[in-house]
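Heads up, there are several structures right after this.
Next come two complexes built around subunit A: one with subunit B, the other with subunit C.
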Partner chain A sequence: MPTALDDAPAVKAAGAPGPQGVRRKRRRVALPYLLLLPAILLELLVHLIPMVAGLVMSFFKLTQFSIRDFSSAPAAGLDNYKFVLDFNAAAGKSLLGSFWISILYTVLSVGFCWLFGTSAAVLMQKDFRGRGLLRTLFLVPYALPMYAAVITWSFMFQKDTGLVNDLLGTDSFWLIGDNSFWSLVVVSVWRNWPFAFLIVMAGLQNVPGELYEAAAIDGASWWRQFRAITQPMLRPVNQVLLLVLFLWTFNDFNTPYVLFGASAPKEASLISIHIYQSSFVTWNFGLGSAMSVLLLLFLLIVSTVYLGLTARRRNAVV
Partner chain B sequence: MSEPRWVPWARRFVLGFLALFTLIPLYAMVSSSLKPLGDVQGTWEWIPTTLTIQPFFDIWETIPLAEYFVNSLVISGSAAILSVVIAIFAAYALSRFRFRGKNFFKMTVLSTQMFPGILFLLPLFLIFVNIGNTTGIVLYGSRLGLIITYLTFSLPFAIWMLAGYIDSIPKELDEAAMVDGTGQFGALIRVVVPAAMPGIVAVGIYSFMTAWGEVLFASVMTDSGTRTLAVGLQEYSTQVQVYWNQVMAASLIVSVPVVAGFLLLQRYLVAGLTAGAVK
Partner chain C sequence: MRIGKIAPALVLALAAAATTACGGGDTSSSAPKELVYWASNQGTSLDNDKAVLQPELDKFEKASGIKVKLEVVPWTDLLNRILAATTSGKGPDVLNIGNTWSASLQATGAFLPFDDAALEKVGGKSRFLGPSLAATGASGQPPVGVPLYGQAYGLYYNKKLFAEAGITKPPATWEELVEDGKKLTKPDKGQWGLSLQAGQVTENSHHAAILGAQQGAQFFTAEGKPQLASDPSVAAVQQFVDLMQKDKIVNPANAEYADTAKSLKDLSDGKAAMFMNQASAGSFKNIGMDMANLGVAPIPLPATAPPNGRKVTSFVAGINMSVFKNTKNPDAALDFVKFMVSAPEQALLNKTYGSLPTVQDAYSDAAFQTEDVKVFQNVLANSAEPMPQVPQESQFETLIGTAMKGMFADVAAGKPVDGAKIRDQLNQADQQISAGS
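Here is the complex of A and B:
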């Protein structure tokens, strides 16, 4: 049964058997739940109930005709899943295509974010003139509202008026065709690497300075110190950072939506864009839900495996 | 530690590259917002030939930007305040009590952060529409609906971080207050809240930023009366032309509140963010 962690002395004395003590005890038992109640109700309303509803919806034929009264929607059984997982048909093919695009996008974006963030954080460990200013500058893309940043990039990517073509001396389309995928990656890296920088920087602050001092006395080189101290000490931070970046990037909807508008080119159609289009553009909520559930399953499996692997490695090291 | 000779060069090269990469879009935004329409419609010029502040006046006329600004302010502000208040209660419960279901609650709240927004979007849309049809409480298309949605987005992180903050406040302080005659609740309000203020401010900023920058739910859950900046800014593109100078001026205007808040309070926010991430 719930108990208060630490009873204050005064309360403890009053908590002796007796009607008043019992009542007070009951109130103290209920208190943590009362304090959590608003959070629980809201999480239920916005996250948990919709998730269950989404799961249920994926087994019904929910189109613009049945959406008004969705208790009357015809059951679909596993039809929605069969439909989107039939990789020989058009729907399955385009879902699979989006999936691979999302994977490649995630690997590239997370990789560069991590690389830029770690290099900057490590190289800025030593104090130099202008370090504070540079640190502030690096954090601006992270503070900027996402759509303002992405709209600016879409301006820069314009064919005739954009600065990208001017800078590269090219005359290409960047927002349609094959290039659109690379544009997406660049924008996402620009926006997210500061987060990696921030987290790695914080991780470095937790490395005790004595470790470096001791290593320096032992005559360890800069590179050796990096390999033997910095890298292992950063491992737990990196594990969390990479998982968070993976989930954000893989689920990313905002970057392509603002960069390309509601209809992203197929070369840059990430999975969330794909689901959005089949749900809100073609009004097939049943299919959209089935794809969302599949996406969730995929993320759950990847996260579980990842957490399992990193936990085992942690245990092996310690 | 003494560095090998290549390290300072690597530092200059890498940091220089990253500084340019970061700066160029910021420069494009600021410089284009100061150009007349004709100049942003021609080939890109690094140094503006004509400087004008006219776009900063025009942005309010071309689209109802002021209205969107107010919508965004009300929605993000309310979401931030409510999220902070609810998180303080929940974090206090998690930090000071042992009770059944505590770990389950922690795990559930954290795992909701992992799920793709697109997964909630469709059902939440239908739930809001149905609540409206059956009870008359208008959530779909109203500010209230977005406020509730956004506050739950920042809630998990807010609870997580504040619980960590409150853990670091000695329990003896609450106990002393209770000896002095205030109840548990009084101890929370009079002792814990003031002591956790830096964390509370950081969480508030984070919640505000989350709501201010959200696009997906804003584009589905709003109508013409409740549209936020995230959606409204796209209206500078018409069939005929895009008012790029005004787009850039408006982007600058909507960025100022969050960037200023972030830079002013970055110490708190960074400490809080990283405390959560590193733990």
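Here is the complex of A and C:
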């Protein structure tokens, strides 16, 4: 804004704008849009159009009978929504089950990722021998190709031949039954905590050293310094980090799919897997779309509330 | 200004990218004809399939001038790839489909119907084995493919372990199988009576279908309405789960077995004495099984047939070859299908893969005169029935197979699986199939 106001008198002072001036001005106005155009086009193609298509699909009875010619699919009105929200029937019951599993999975996975990431980043603040090597090692899970990493875990979790039972001296199933949920959490935390580590480490670079020096002179303990300086200074970074981790984890499809295959055990059937099964395994795309729309709504509400709360807190602090 | 120049260029580039990214045959009439062929994974690996098929495709190109571009698709991806191709209309010209999906894929309307004229072009209807041809689509409608590889289930057994336990012949009834299984189960030695791919969804559904038929179950009404939760279905699933739960002749670790390789290895290593599978002599040979120790018999029947029980020891398994309706070269596609189902190709390919020819005239080859092959041949001809040929077949397989996988997981974890629990799960499957109908 200030630049526009500053520019206006300058143009006027030069007298009536000549054709060159108009062209220059128009170019200045058009340039940002022009630069944004490829991103907008791709955003439309990759996100918005499929999203609208998904929304439309959720109001149709789209199955293998009509998939080839969308336009012939019979309208379903709100039937798909009614069906998945009827928690007394099979589909609704299993959707609700998957929802709670996803919530628990997200809370545990994000919580541990944040805890490990922050702890490691804080410990890495001090200079010590081997710090570089350790930092690189910490980032390995994040740098490994997802498929190779998770499939290796699935080998390690095998009952008879896996390393996990060997190391723990147990004889348990890890890929089926109750334990499968914990296997999923372990792999997810292992994969994502380096991201939290990276982001928190970057955030810590912005904390001025003088604050710690002053605190140290005042005799503040390490814990006190962490609580009174590190944590508040990291708040903006943490707000973004937790939101991103929440969205990724709640929607996580790759980890369970690679770990368990197309039919995850019911104890580890996340909502993403559940939607995939409804859409692509039992060929009911309308139903799958309705579930996706509900999931999107839920994530939107949670994100909005979260952003609202954090903004209010930020304002209150200011 | 520049925006005017860039936008059309961008749109063109995107459009070009979108069209070149899709498959499909060459459409120009002057260029030599080209077909895209998606083969299912039949051999020991995708590369093995390429090595087997490429020389045959070259042979076909030499004879007809039609080039065939091959892509071998793993089983786990095949149905989704077909479905994506069906939706986009951009798929291969010719492809393999699992024959149990015939009626489901028929419902999409994306495949060329093999009416009498089309069947005539590939050699005539009478050449094909009746049961295999019956698994190419719903009855009363032109099939959506022709059978390419024939398969049937049999009971493989380790002769050495049988001899050690003093058992002289393979079991003919389920009661005998359980009895023999108990004699052969020695958990302290890591030896079990039977190996099951209990974590494999489709395998579970196949066994549900076979045992279901023996118990007299009809999973769908004549109108195509699902009725999975009937008494005979519950009895069939209970009988199968009880092999691990009550009879204890199956290692609970099998609840984790999601592929055939582990069960094949168990039988080969003497960790299991029996294994029910489709013809797999080639795979046994590959993993180093002493073939002199390998015997095969039909899957047992109940000693006393239940009311309405059918004498079924396998479903009609196998692979069909279909043509996408969207192909620009239907004649070339049919020529290729004709080549693949010709007697010499049928003999060669089925010999290599250890499957059964689907045309009568290929059986004269000496490779199909062995005792083992004859067991499967007899099963396919006399005691096999197709999986339910209804559009919801793929849902049926997935839902019942997944439910059984969960039941085995429960059994392995020591949680009892009783009739009420099975009925509840099958009821849920019924509801879900109905929702998609």
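Brief remarks follow.
Here is the rule we go by: the second predicted complex is superposed on the first by the 287 of 318 C-alpha atoms of A that agree within 3 Å, B and C clash if a C-alpha of one lies under 4 Å from a C-alpha of the other, contacts with A are read in each partner's own complex, and residues count from 1 in each chain.
Methods note: contacts are C-beta pairs under 8 Å (C-beta built on N, C-alpha and C of every residue); 3 or more make two chains touch, one makes a residue touch a chain.
On a predicted model such as this, the values are computed, not experimentally measured, just so you know.
Looking at the shared chain after the overlay, A:His47 reaches subunit B, while subunit C stays out of its contact range. By the document's definition of touching, of the two partners only subunit C reaches A:Ser263; subunit B does not. In the superposition on chain A, A:Trp223 contacts subunit B only, with no contact to subunit C. For subunit A, the partner that touches more of its residues is B, with subunit B and subunit C as the two candidates. Once chain A of one complex is fitted onto chain A of the other, the partner contacts of A:Pro38 extend to both subunit B and subunit C. In the superposition on chain A, no contact is made by A:Gln239 with either subunit B or subunit C. In the superposition on chain A, A:Asp160 contacts both subunit B and subunit C.
Residue contacts after overlaying the shared chain place A:Thr310 against neither subunit B nor subunit C. Contact with both subunit B and subunit C is seen for A:Phe280 once the two complexes are overlaid on the shared chain.
Residue overlap on subunit A between its contacts with subunit B in one complex and with subunit C in the other: 33, 38, 45, 67, 158, 160, 261, 280.
Residue ranges of subunit A in contact with subunit B, taken from their complex: 1-6, 8-11, 28-29, 31-33, 35-36, 38-40, 42-43, 45-51, 53-54, 57, 67, 70, 116, 119-120, 123-124, 126, 128, 134, 136-149, 151-153, 155-156, 158, 160-163, 165-166, 190, 193-194, 198-199, 201-203, 206, 212, 215-216, 221-223, 225, 236-237, 240-241, 244, 247, 250-251, 253-254, 257-258, 261, 272, 275-276, 279-280, 285, 288-289, 292-293, 295-296, 299-300, 303.
By the touch criterion stated above, subunit B contacts subunit A in their complex at residues 1-4, 7, 10-11, 14-15, 18-19, 21-26, 28-29, 32, 40-44, 46, 86-87, 89-90, 92-94, 96-100, 102, 105, 108-109, 112, 114-124, 126-127, 130, 148-149, 151-152, 155-156, 159, 171, 174-175, 178-179, 184, 209, 212-216, 219-220, 229-230, 233-234, 244, 247-248, 251-252, 254-255, 258-259, 262-263, 266, 270, 273-274, 277-278. Within the complex formed with subunit C, the residues of subunit A that make contact are 26-27, 30, 33-34, 37-38, 41, 45, 63-65, 67-69, 83, 89-91, 93-94, 158-160, 173, 175-178, 261-263, 265-266, 277, 280-284, 287.
Note for the complex: subunit C touches subunit A at residues 1-3, 6-7, 10, 14, 76, 80, 83, 86-87, 89, 104-105, 107-110, 199, 201, 253, 255-256, 258, 391, 394-395, 398-399, 401-402, 405-406, 408-410, 412-413, 427-429, 431-433, 435-437.
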